[in-house]
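One chain, chain A, links the two complexes that follow: it is found with chain B in the first and with chain C in the second.
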Partner chain A sequence: MRPLTFITFEKRLEPGRGARLAVTLASLFLALVLSGLVILAVGVNPVEAYTALFSGAFGTLYGLSETLVKTTPLILTGLAVALCLKMRLWNIGAEGQFVIGFLASVLIALALPGRPWYLLLPLMAAAALVGGGLWAGAAGLLKARLGVSEIITTLLMNWVAILFSQYFAYGPLKGLDGFPYSPAFCPGACLPSIGWGRVNAGLFLALAAAVVLHLVLKHTLWGFEVRVIGDSPKAARAAGMKIEKKIVLVLALAGGLAGLGGFVEVSGIEQRLSPHTAIGYGYTAILIAWLARSHPLLVILVAFLFGGLYTGGEMIQVGMGVPVAVIRILQGAILFFLLAGDFLMNFRVRFGKKVSSER
Partner chain B sequence: MHCAVEMLGIVKRFPGVVANDHIDFRVLPGEVHALLGENGAGKSTLMQILAGLYRPDAGKILLSGRPAQIHTPRDAIQAGVGMVYQHFMLVRRHTVLENVILGLRRYGLFLDYRRAGREIERNSREYGLEIDPAATVWDLSVGEQQRVEIVKMLLRQVKVLILDEPTAVLTPRETEGLFATIRTLAGRGAAIVFISHKLREVMAVSDRITILRRGENAGTIRREETGERDLARRMVGREVIEEIEREEPAAGEEVLSIRDLRAFDNRRLPALRGLNLEVRRGEILGMAGISGNGQKELEEVLTGLREPARGSITLGGREIAGRRPDEIIAGGLGCVPEDRQGTGTAPGLGYRDNIILKSCRRPPIRRGLRLDYRAADRQADRLRREYDIKVPSLSAPVRLLSGGNLQKVILARELSARPRFLLAVHPTRGLDIGAATYVRKRLGELKRQGAAILLISEDLDELAGLSDRIAVIYEGKITGILPARDADRERLSLLMTGQKAENGIMETS
Partner chain C sequence: MKKHWKYWAAIIFLPAVAAASLTGCGKPAEKSGEQPLKVGFVYISPVGDAGWTYAHDRGRAEMEKLPFIETARAVESVAETADATRVMTQLAAQGCNLIFSTSYGYMEQTLAAAKRFPEVVFMHCSGHKTAPNMSTYFGKMYQARYLTGMVAGKMTGSNLIGYVAAHPIPEVIRGINAFTLGVRKVNPEAKVRVVWTYTWFDPPKERQAAVSLIEVGADVIAQHQDTPGPQQAAEEAGKYSIGYNVDMAPFAPRAHLTGAVWDWGVVYTAVAEAVHEGTWTNQPIWWGIETGLVGLAPFGPMVPDEVRQLVKAEETKIAAGQLKIFSGPIRGQDGEVVIPKGKSLSDEELFSMSYFVEGVEGEIPR
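Showing the complex of A and B:
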C-alpha cells in the first residue's frame, strides 16, 4: 500500500449535472479532433469532411430520411443495452440478439408466404421478440445460476448468432440462382413506408418501445426493483427482491428489444436474408446507451445522432474518398474519451505526494 | 541486551477515535510476545505502525536500540520487520514460488527459480511449514496460504515477525502446527508478536503478554505470573456497569425460537454449531460475544441471506429456516443490519427510495403494477419528521448522509413496518452519543410496544443497559444466558472467551 508518489486520485462525492454535460461534450470534441487527424492523414481537410458529414446526414430531406432509417434499429438495440446497464449488467450481445430477431422474422415470412400483413407482421415481431429474448435470456440464466459473466457470454454468443444466420443464407435459404440470399419477402411481410424515402412504420415501433420502457422503469415496481438491484444487490436481496429472476428477465427483455431491432430492419429495409445482417448496430448500441446515461428517452436522441454518423459517413466515403472506417474510429474515440472523462468526473486528480493512506 | 523492538509514546488518531494513546511497547529478541485486547483496543493499529502501513502522530520506534525511520512496508522489511496480515497479501493466480520471490531482488534479472525453490524448501522444512513451491495459491487452504506468508517473511530474513490474529482462520490442528513454528522461530532468536484476543492461545504460546485496553497499554506481564481469569479481567477493565432504569419484562410468549441451528461460513467452515435461543414478546435479548464467533452468520441466516445447514427457526410459530428474505420479512422480521451501507441501504439511491425498499411490494405504495411515488413521498416526509432525519431532499442519495442519519433511515423504515421481531446488529457502533442514545430510546419503545428484540452488540455497557437477558455466543454456540442484573463484565468476558462460569448461569440445552 505504498502511496503513489506523483499522481493521486481522490474519490469525489457527487459529480454535478453540469460536470456530466461538460465531460460528454468535451469527449465528443476530443474524439472529433482525434479522428480529424486520421482524416488529415488520408489527405482530406477534416473541417470540410465534418461539414460534409453533418450536412449529408441532416442537411437534406433525403439525408435526414436515411438517418431516420438507421436511427430506427439503433433505438431498439440502444434500449437493449441501456436497460441492462440500469441493473449494471453489460449486454455486449445486442448484435447477436439483433441477428436472431432478424433471422426469426425471415423464417416466419418465408414459411407463410402470401399471407396478409395483419397476420404476418405481428407474428414476425413476436418471433423476433421471443428469439432475441431466449438468446439473451440464456446468458441471463448462466449469470443468475452459475455467476458466469454476462459480458463474456453475450459477446461470444454474437458469433454463434452471426454464423447461424449465415448458415441459413448459404444453406437452406439460398436463392435458386445460387447466391447466398433468401427469396425476397411478400408484400404482407414488409413494414409499410410512411412515404418519405425508406422511412417506415418501424420508426414508430422503436419510439413507442422507448416511451414504454421509460414509463415502466419510472413508474412500476418492476422498474424500481431494477434500480435498487443496479445500485446495491446486497440491499436488494436483504429487502426481499429476487435478484436471480430479475437478471434473467432483464436480459431476456433486452434481447427481445434488440430482436425487435432485427425485425424492423429486415421487414422495413432488407426484406430478405443475406450473409451481411450484422453491421454493428449492436455494438454502436453500447455507445448509445452509455452516452444516453441509459435513459430510454435520451437513447432516442443519441441514436438519431449516431444514425446521422452512419449516413454522413457513407456520404463522405462516396463524395470525398474518406474510408468509412473513419466513422468506426470516431465511435471508438468517443467511447474512449467518455470512459476517461467518467473517471475524471468521479475522481479528483492531484499532483504531488499523498500524505497518508488511512482507512 | 537491546530490545528487538521498542515503541515509545506511540499516538495514532483516526477521525473521532484515538486508536493508540501514548503506548510503550517492547519486545525482546527470541521471545513470543502476545498483544492481547478486545476488538478496537488498538492492537492492529500499533502493529501496522511498526510494519510501515500507518505513520504515528507521535512517538518513536527503536529497532535493536537504534532509532528507525519506517514510512512504508518496504522500509519495515528492510529494517527486518515483517507482518502477516489477517487478509493475506498474495497473488491468487500465481504459484507459491512466484509469490514468495515477488519484490525480492536477489534472484537476479532472469529470476533464478531453481535457487529460489531450493531456499523455499529448505526454510519450510526447517520450520515445519509444509508447502509446495509449485502450487497455485488459489488452490491452497487458508492455513497453507498463511504458511506461504510466513515463508515469504523468512526469505526476507525478518528479525521481528508480527502475526495478526493468525489463528482466526485456522483449524485446531493447523493452530498446533503454527505454534510449533512460532516456537522454533523464537528459539533461533526471532522476536514474534502474536496478536490475539483468545486467552487460551495466548497462555499456550507466549512468553510475555501486553494487554491493550481502549488504545492504552494496560500492562505487560510474564506468562507464569498470570492466568486466563486475570487476563480477562485486565482485558475488559474493572469498571462497574452503570445501572439503567429498566422495566421488568412482561414475560410474554416466545416470538422467535432457534433450535440446534448450524451453518457454515464463506470458507465452508462451521460457524454456527448447534445454537439454541428464544426471544419473547416484549423483551430485549442481548447477545454478547467477540466478533467472528458466528454473529454475522446468525444475522444472515435469520434474514434469509444464508442457508442454514441444519436446525429450525420459528418466527411467530412459523418455520422460517431456509426461507427467502421476502417470506421472512412478510412473517414479521425487521432488521437493523451490521452493514448499513450495502445491506441496510442502497447507498446510491435517494432517501425516499430507501424508505420504501421493503414496503414497495405492498399497498399503499404499490398499486397493481404501478408504484405510488406520491404516497411514498408522503410516507418518507412523515418519517423524516417523526425520526428527525436530516436529509437535504427526499431524493438525495443516502450515501451522503452521516452515520447517525443513515442509521435513522434504517430504523425509520424497519420500525414503521411494526415488526413482530427485530434483529439489531451493532446498532450504535460508530455513532455519536446523541444518535446512539436516540437509537437506544427507539429500541426501548419498540420493546414496550410488544416486539421481541435480539440485540447483537460488542458494547457491554449498552447490552447491560438495554437488555433484559444477555446471551453469550462463543464459537457458534450460546455458552450461557444471564439475567441482565447478574451480568458483570468479568463473568461475561469469561463466557465470551469460551469458559463457563461456576454459578448463576442458566445453561441452555
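Showing the complex of A and C:
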C-alpha cells in the first residue's frame, strides 16, 4: 500500500507538436498577464510596457543588434549545457567554463600584444576551447572514474574559476591606476564587427557551432552513441559502448563550447579583463538548454529570445522608469510558466486521494 | 477534474484583485521651465532600503524637485560590463541630456557613450577619466571615515576593529587608511582587521564577513559595503558598528555608533543647475565635508558626550581646512614611513592609493 497523498502526478502520453506549441504560447500569455498586473501596480500601462519591451529588443535596428550581441555567448553556453543533457549529464558549470575561456583569451591577447589577427584570434579561440575543455573535462573524469556527481563538481568549480579570474584582475593584470581592469586589447585581438552596431564575427562562430553540433549529433555514429547512452545507459553498455570515455569527452567538448563563449564575449565585446566576467550566461544557459529540449538549433532560437528578454527588460526601465524588481518578476514569471506548462504537458495532476494506481 | 475550476479561478483572479487595488499613481511629470532637463542615472544595484544606490537615489529625488527637471529616471542593477554602454546609449537615445553613472566600473563605458553623444553631459562617479562632455564627481569620504574611526577607537574594548570591505581599489583602501588613522589617533593600541568580500552588494556575504570578524574578537564592525548586512551581524552579536552611505541606525539601533554618510543631492542639484544655466564645465567635482556631500550620521545613545565633542571639534578643523588627514609622518604596515613629516598627499596620490597604513591587518592583492 502506498501512502495517501493529496496531489498526485500521472505521466501523460507524449504530446504532439501542435499541443506543445499551444501550451508554450498559453504559458507565455499567462506569464504576461500575471506580470502585467504587477506592472499595473507600479502605475505603468502593461500594454505600453510590453510594446516597449518588444520594440526595444527586436523593433529597432539598434535594439536588435544589441539583442544579437547578448544572444552570441548565450548560444555557446546553451550548447554546452544542451550537449550534456543529450547524455543525461547536468552541466551546471557553463558559467565557470565561460570564465576560463574568457581568461585564457585575455592571457593570450595580453602576452602577444600587437600581433596580427590571423595569429591572435585562432590562438585565443584555441586557448579558450582547451581551457574550458580541461575545466569541464576534469569534472567528467571524476564522474567516469569515481562516480562523483557532475552536478556538484561542475557547480563548485564555477567559484574556483571566478576567483581564479578575479585574482588576475586584482593582481598581476591590474591597471596602473590601481583599478582591477587589464589594459585594453590591441586591434588584432578583437573579433571584427560586421558593421552593424556591436554585432561581431562571434555570432557566426556561435551559429556555426550550433549547426555543426546538430549535424554531429544527428548524422554521426558518435552522435548516435551519445543519444543512446542518454536514453538508455544499460542498452548502450550491452551494445559495447564505452560510456566512461564518452562522459569525459562530452563534458570536455561542452566545456570547450562554453569556453568559446568566453572567447567571443571578451574578443568581440569586452576587450579587457575585469572582475565582472561572470554575469550569469552559464546559468541562463541551463534554462535555455532545457526549454530548447537540448536541440542545438532550438538553442539558437531560445537564446535569441532570452537575449531579447534581457535587452527589452532594460528598455522598460530606461523608457518608463519601472523598477528592476518588476523586470525580474516578469523574467521570472515567464520562466516559471514555461517550466510549469512543460511539466503539466507531461504529467496530469490529480487532487485528492490516490486511487488510480489501484485500478 | 471539473470540480477544480475554483482553484484555478482563485489562482488567476486573486492576484488580479490585489494588484488592481494597489493601482493608482502614475501622474504625468509636467513642470514648467524654458529648457527642460531630462536626466538619466545608471545604478550598480537595486535601490533597496539602505546603502550606496539608495543614497544616490535620494539625491536623485532631491534633484528632481528642481522646477526645470522634466524626468530623472534610473536604471538599476546594471552590470559593470558592456551592458552599461547599451544602457547609457538607450538613455541618451530617449532624450536624456544629462547622465550620471554611479560606479567606478562604468568608467570606459561612460567614456564610450560620451564620445557617441557629444551633446549630452556625462558625469561619472569616482573615476578619473574625462572628455569635453564628460567629467567625474566624488566626495572626500575619507574625512568622514577618519571621524568615525575616532569613535570606533574610543568605543572598542578588545582593541580589534573589524572592517568589511568590498573591493581592493584605491577608494576603499583610502577609506580604510583614514579610518585607521582616526582609530589610532585616539587609541594607538587598536588594530583594524580587513576582510575583502569582492562584491559591493551581497547582503548574506557581507553579513558573513562581519560574523567572521566578530568571531576572531572584533567588537566594532565598520564597513565599505552597500547593504546593512554587517550592521545586523553586529547588532545580533551585541557588538558595536559603524555604518556607511546612509544613517543605518534603524537596522542596528543598539549597535550603530555613527556612520560615514553621503548626501548626493548636493552634487546632483548643483550639476543640474549648472547644465541648465549653461555654466557646466568638465572640471571634476571632489568635494569635502564642508559642502555637506559627506558627513556623519547622528551618534547612537551609547556614545558618551566626551567622544562626541572630541569628534565634533576635529570635524570643525577638517571643514575649515586646518586638518589634512593624510599628512606625515604616517607609517606603512611594515613600520616604514610612507608619508614623511611636513608632506601631505596630493589628490593624484589619494586617487591611486594602493598601500595600507600602520595598524591595518590585511592584505592588498598584488
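Please note the rule applied: the second predicted complex is superposed on the first by the 313 of 359 C-alpha atoms of A that agree within 3 Å, B and C clash if a C-alpha of one lies under 4 Å from a C-alpha of the other, contacts with A are read in each partner's own complex, and residues count from 1 in each chain.
In this text, contacts are C-beta pairs under 8 Å (C-beta built on N, C-alpha and C of every residue); 3 or more make two chains touch, one makes a residue touch a chain.
Quick caveat: nothing in here was measured; it's all calculated off a predicted structure.
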Q: Determine, under the contact definition given at the top, whether A:Ala239 touches first (chain B), second (chain C), both, or neither.
A: first
Q. First (chain B), second (chain C), both or neither: which does A:Ser149 touch?
A. neither
Q. Should A:Ser193 be classified as contacting the first partner (chain B), the second (chain C), both, or neither?
A. neither
Q | Dominant toucher of chain A (residue count), chain B or chain C | A | C
Q: Identify the partner contact of A:Gln166: answer first if only chain B is touched, second if only chain C is, both if each is, neither if none is.
A: second
(Q) In the overlaid three-chain picture, which partner chain does A:Ser55 touch, first (chain B) or second (chain C), both, or neither? (A) neither
Q) chain B touches which residues of chain A in the complex? A) 1-3, 13-14, 219-225, 227-228, 231-232, 234-242, 356, 358
Q: Could you please specify the touching residues of chain B with respect to chain A in the complex?
A: 14, 53-55, 72-74, 303-305, 324-330, 335, 337, 339, 342-349, 353, 356-358, 360-361, 366, 369-371, 373, 397, 400
Q) Can you list the residues on chain C that touch chain A in the complex? A) 4, 7, 12, 15-16, 18-20, 22-26, 40, 46-47, 71, 73-77, 79-83, 86-87, 89-91, 93-94, 104-105, 107-108, 128, 167-170, 173, 198, 351-354, 365-366
**Q.** Touching residues on chain A, where the partner in the complex is chain C
**A.** 30, 33-34, 37-38, 40-41, 43-44, 56, 62, 66, 69, 166-167, 170-172, 177-181, 184, 198, 269-270, 272, 274-276, 279, 311, 314-315, 317-319, 321, 323-325, 351
